[in-house]
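Dropping the structures in below, format is structure tokens.
Next, two complexes with subunit A in common: one pairs it with subunit B, the other with subunit C.
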Partner chain A sequence: MVEHVLEVNDLQTHFYSDAGVVRAVDGVSFSIKKGETLGIVGESGSGKSVTSLSIMRLLRDTPGKIAGGEIVYNGRNLVEAKESEMRKIRGNEIAMIFQEPMTSLNPVFKIGRQIEEAILLHTKCTKQQARERAIEMLTAVGISRPDKVVDSFPHQLSGGMRQRVMIAMAMSCDPQLLIADEPTTALDVTIQAQILELMKKLTVDFETSILLITHDLGVVAEMCDRVVVMYAGRAVEESDVYTIFENPKHPYTQGLLASTLTLGEKVERLQSIPGNVPIPSKMPEGCKFAPRCPHAMERCWAEEPTYDAYSENHHVRCFLYEEEAK
Partner chain B sequence: MSEVLVRVENIKKHFAGTRKFFSREREIVKAVDGLTFDIIQGETLSLVGESGCGKSTTGRVLLKLLEPTEGSIHFDDQEITHLNENELRPYRKEMQMVFQDPYASLNPRMKVKEIIEEPLIVHGIDAATRKKRVNELLETVGLNTYHGNRYPHEFSGGQRQRIGIARALAVNPRLIIADEPVSALDVSIQAQILNLLKDLQEEYELTYLFISHDLSVVEHVSDRVAVMYLGKIVELGSKTQIFENPLHPYTKALLSAVPIANPRLKRERIVLKGDIPNPANPPSGCAFHTRCPFATERCKVEEPKYESYGDQHFAACHFVEELA
Partner chain C sequence: MEMTQTKKEQYEALLLEEETVRSPLSEFWRKFKKQKLAFVSFIIILFIFVLAFIGPYITPYDITEPDYENVLSGPSAKHWAGTDAYGRDIFSRIIAGTQISLFVGLTSVFLGAVGGTVLGLAAGYYGGWVDRIIMRICDVLLAFPGILLAIGIIAILGPGLGNVIIAVAIFSIPVFARIVRSSTLEVKSTLYVEATRSIGARPSRIIWKHIFPGTLSSIIVYFTMRIGSAILTAASLSFIGLGAQPPSPEWGAMLSGGRDYLSMAPHVTLFPGLAIFITVLVFNLLGDGLRDALDPKIKE
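So, the complex of A and B:
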């Protein structure tokens, strides 16, 4: 039996507003093994960021609530965990890095102090030791002159360096799981390449599992062992990275891959998925992808397909594969 | 010989920055620092580069939305560098722009039909023709005529970009400058807009200056590509030359940095060290020497010439031949 660091089962996160309930995440299941990198891909509004916020239980200040399902971390269901327990886990066992390195650092505190905060909170050590650890982490993420950088303010650093600082902060307590929400989207390609190399090195050195949330299929192909594809709040397909890219089953995954441009690949005309991502207030009845799907049958409009195992290692939410799945 | 539509010679755009400490002098940001290129009728020329390389400034200078500090711009053999607003108006009709952010570039208080109609009013077209033209344009870009009565907030990002394109097409321009037109869109929508731009180019014989940081998009749309770094073109050539036989080490690094959607591909990657230098204080000699894996002493002091390496392929590097 393989040990899973994290297991998410049929997660439901709903947002309650005056205009009604928005089911931002509505049926997402996956699991992450030790040392594995799992990618969640999907377009804007697919619920991938809300999934990560739900795992960290960071929805307290929003109208969002986890309405169902479970998030099992090392045998504990985080959905039922108390806030005080969560505080021990956050930043210590599960750490997170965000898309915007500009806004996720506090502009009025020095870099060192921000890294030390997590270390002092979660480990028994003196201020001096925490500072040494901060410098050590800055060195580990490839920052030159770390002894200078600890005493700098965020605005004195470039975007790439800030993202390195974020990673140093996240890794400072040796987390078992790192959640990275679009970690390179705001960066230039040459800087993105640096950060991706760094994250790869860290998974090997520290045996950290990574949950990587991105919309970029290139980044997924490069970084992930397994991939979950999300559409309109649901997981629609999951498999290992090779199967997803070479033998995708769900029409949405197929469409997404066909519309992605790849360097060095000559196509006369790009394939596109017609229409738009449905907006929450106008969710289709049955399968959420039916209005854009080239294979939509009458049944797809009325009934929602279940998320079935197509093979041991491959889950699909589509009626086309129902027979084979059984 | 194919006809040159736009000829840009040695244009520079310098911005005065903040005043230096205890000094009257202002820091000067050389956003664009001596660009020379032609845009040929009917082609798509792309400007690629990372943030701060001056690609958007170049687009704005060409449209005369910004006054160039130096250099000249010829449109259709007419010099337009020093024309005033009135004299420029006929040329404004020939060149239009599509912007990056479809949320910020449409006036939220105007109906879609008014947005598209506005350039037609400016250029003095009568009401009946305008109405007909607006409906035509909506259909050309794949929207319905009833969409004209709605407001921008009722549309998704992709649809808004279609509205922006319709507005640009309204006055029958010959040149469209598209500044990151698909960067804000999801992949499946991005493909729709790129296909639309391609169809329109064929139908109306448009010339595009396509500004982008995304090399896979650039490879798909371009005929020729100019790679920029810190306000200068470091390499210019046909799409095949740039993507299959890049000469400049920056172009090579940029190409190798793009993640490719193929998990089986294992590549030797050139990872550049360090960050993009501050354009207010660019490095001496070759501006790329601080990050270049092949930099020598010579690169630190002597700026490389921008030279032809055969068949309209230009690059600015001392060691093109040695690195080939």
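So, the complex of A and C:
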């Protein structure tokens, strides 16, 4: 039996507003093994970020609530955990890095103090020890002159440096799981590669599992062991990275892959998936992808397909594969 | 070859050079010094503070002893600001009164700021019903004209300087609560607060260590500006007999005492009025300058 660090079963996160209920996440299931990197791919508005915030239980300041499902972390269901228990888990066991390194550090505190804060919150140690640990972590994330950088303010560092600092902060308490919400989207391409390389190295060194949220298939190919494809709040396909790229089943995944460029291949026009992600208040009744799907049948408009195992490590939510799945 | 080597060495030396790091405080001081008017006001305020401390010991004349030979005499070399209806030296009384006005202004605004900040942080951070209750109470308090509210409070508590402080503090609370709430909402939604929550910090820590410092600049600016108006309100209350009572050399009370001789001896009201005017003005100018120096959006 493989040990799963995190198991998400049929997660439902809904947002309640005067206009009605928005099902931002509606039936997402996946699991992450120790040391594994799982990618969640999808367009904007597909519920990727809400999934990550649900796992951290950081929805408090939004009108969002976890309406159903389980988030099992090392055998404990986080959906039922108390806020005080969650505080012990956040940063200590599950850490997070964000998309915008330019704004995720407090502009009025020195870098060192912000890393120390994370350390002091979860470990019993003196300020001096925390500072040493902060310098150690800055070295680990490849920052030169870490003893100078600890005493710098965020505005003195570049975006890439700040993202390294964020990673240092996230890794400072040796978390088992790192949630990275589009960690390279706001960075230059050259810096992106460096940050990804760093994250890869850290997973090996620290045996950390990573939940990588991205819309960049190149990043997925580079980083992930397995991939979950999300569409309109649902997981539509999950498999290992090779299967997803070589043998995608869901028409949406196929469309996503077709709309990427391959180096050296001549194309007249870049392919795209026609249409947009449906807006929450005008969700189609059946399969949420039916309006944009080239294979849509009468049935797809009436009922929603279930998330079935196509093969042992390959799940698809599509009627096209119903027969094979059984 | 020799040349490129030195260039390379020069560059490496440049890399090793210490970058000058300006802390937020030194950055603020650098910007503040450029605000000439505010800087001068700041010097005058320092002078007023010194006067407040040593004032009662340096007055040229006794401030309570009547001198019936010199009643209502105009400004002269002997009495720079003339004398009042009891022949007391007005200049000495103004100096001695500095203490009272400054103390009332500072304490009342300080109490109001503390109360307002706590309420504003709570309303902004927790939102929901906490926010609604706090802000509705503030709306009610703000619906009264400040001075009227103060008069009402004093009507309940009774006249006296201590009650003036309480009255001014109470009507300062809602204004501070509003300002702090709005900056709390702004800071709360920043990614770095979210990041702090993601490392497992408890709400009290997030509020005091991360949100409060973010609201501090608007609190400081408003605090300074509010002192001026608090001094003015305290003087007004004393003027209508609800604050300091004669023979106290409170500036408002002095104005009130000179009211009957306005046409005959205008200097009795002119000089205390001038003292109030200058004090309020320099605090407001300082507040303006602080706002400009603390606002990172204003370019030099």
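Here is the rule we go by: the second predicted complex is superposed on the first by the 326 of 326 C-alpha atoms of A that agree within 3 Å, B and C clash if a C-alpha of one lies under 4 Å from a C-alpha of the other, contacts with A are read in each partner's own complex, and residues count from 1 in each chain.
As a convention for this text, a contact is a pair of C-beta atoms (placed from the backbone, for glycine too) under 8 Å apart; a residue touches a chain by one contact, two chains touch by 3 or more.
In this text, all values refer to a predicted model and were calculated from it rather than measured experimentally.
Peer 1: Once chain A of both complexes is superposed, is A:N74 in touch with subunit B (first), subunit C (second), both, or neither?
Peer 2: A:N74 contacts neither subunit B nor subunit C.
Peer 1: Thinking of the overlay built on chain A, is A:T123 touched by subunit B (first), by subunit C (second), by both, or by neither?
Peer 2: neither
Peer 1: Which holds for A:E100: it touches subunit B only (first), subunit C only (second), both, or neither?
Peer 2: So A:E100 only meets subunit C here.
Peer 1: Which partner chains sit in contact with A:V108 here, subunit B, subunit C, both or neither? Use first/second/both/neither.
Peer 2: second
Peer 1: Is the number of subunit A residues in contact higher for subunit B or for subunit C?
Peer 2: Partner with more touched residues of subunit A: B.
Peer 1: For A:M56, is the partner it touches subunit B (first), subunit C (second), both, or none of the two (neither)?
Peer 2: Second partner only.
Peer 1: Thinking of the overlay built on chain A, is A:S31 touched by subunit B (first), by subunit C (second), by both, or by neither?
Peer 2: The answer is neither, since A:S31 touches no partner chain.
Peer 1: A:T185 contacts which: subunit B (first), subunit C (second), both, neither?
Peer 2: After superposition on chain A, A:T185 lies in contact with neither partner.
Peer 1: In the overlaid three-chain picture, which partner chain does A:Q156 touch, first (subunit B) or second (subunit C), both, or neither?
Peer 2: Only subunit C; A:Q156 stays clear of subunit B.
Peer 1: Same subunit A residues contacting subunit B and subunit C, which ones?
Peer 2: Overlap of subunit B and subunit C footprints on subunit A: empty.
Peer 1: Show me the residue ranges of subunit C that touch subunit A in the complex, using the header's touch definition.
Peer 2: Residue positions touching the partner: 19, 21, 23-24, 127, 188-192, 194-202, 209-210, 213-214.
Peer 1: Where on subunit A is subunit B touching in the complex?
Peer 2: 43-44, 158, 160-161, 188-194, 196-197, 215-222, 224, 241-242, 245, 255-257, 259-264, 267, 269-274, 276-277
Peer 1: Would you pull the subunit A residues touching subunit C in the complex into a rising list?
Peer 2: Against subunit C, subunit A makes touches at 56, 58, 61, 86-92, 95-96, 98, 100, 103-108, 117-118, 121-122, 151-153, 156, 166, 169-170.
Peer 1: If you look only at subunit B, which of its residues touch subunit A in the complex?
Peer 2: Residues in contact with subunit A: 50-51, 156, 158-159, 186-192, 194-195, 198, 213, 215-217, 219-220, 243, 253-265, 269, 271-272, 275-276, 291.
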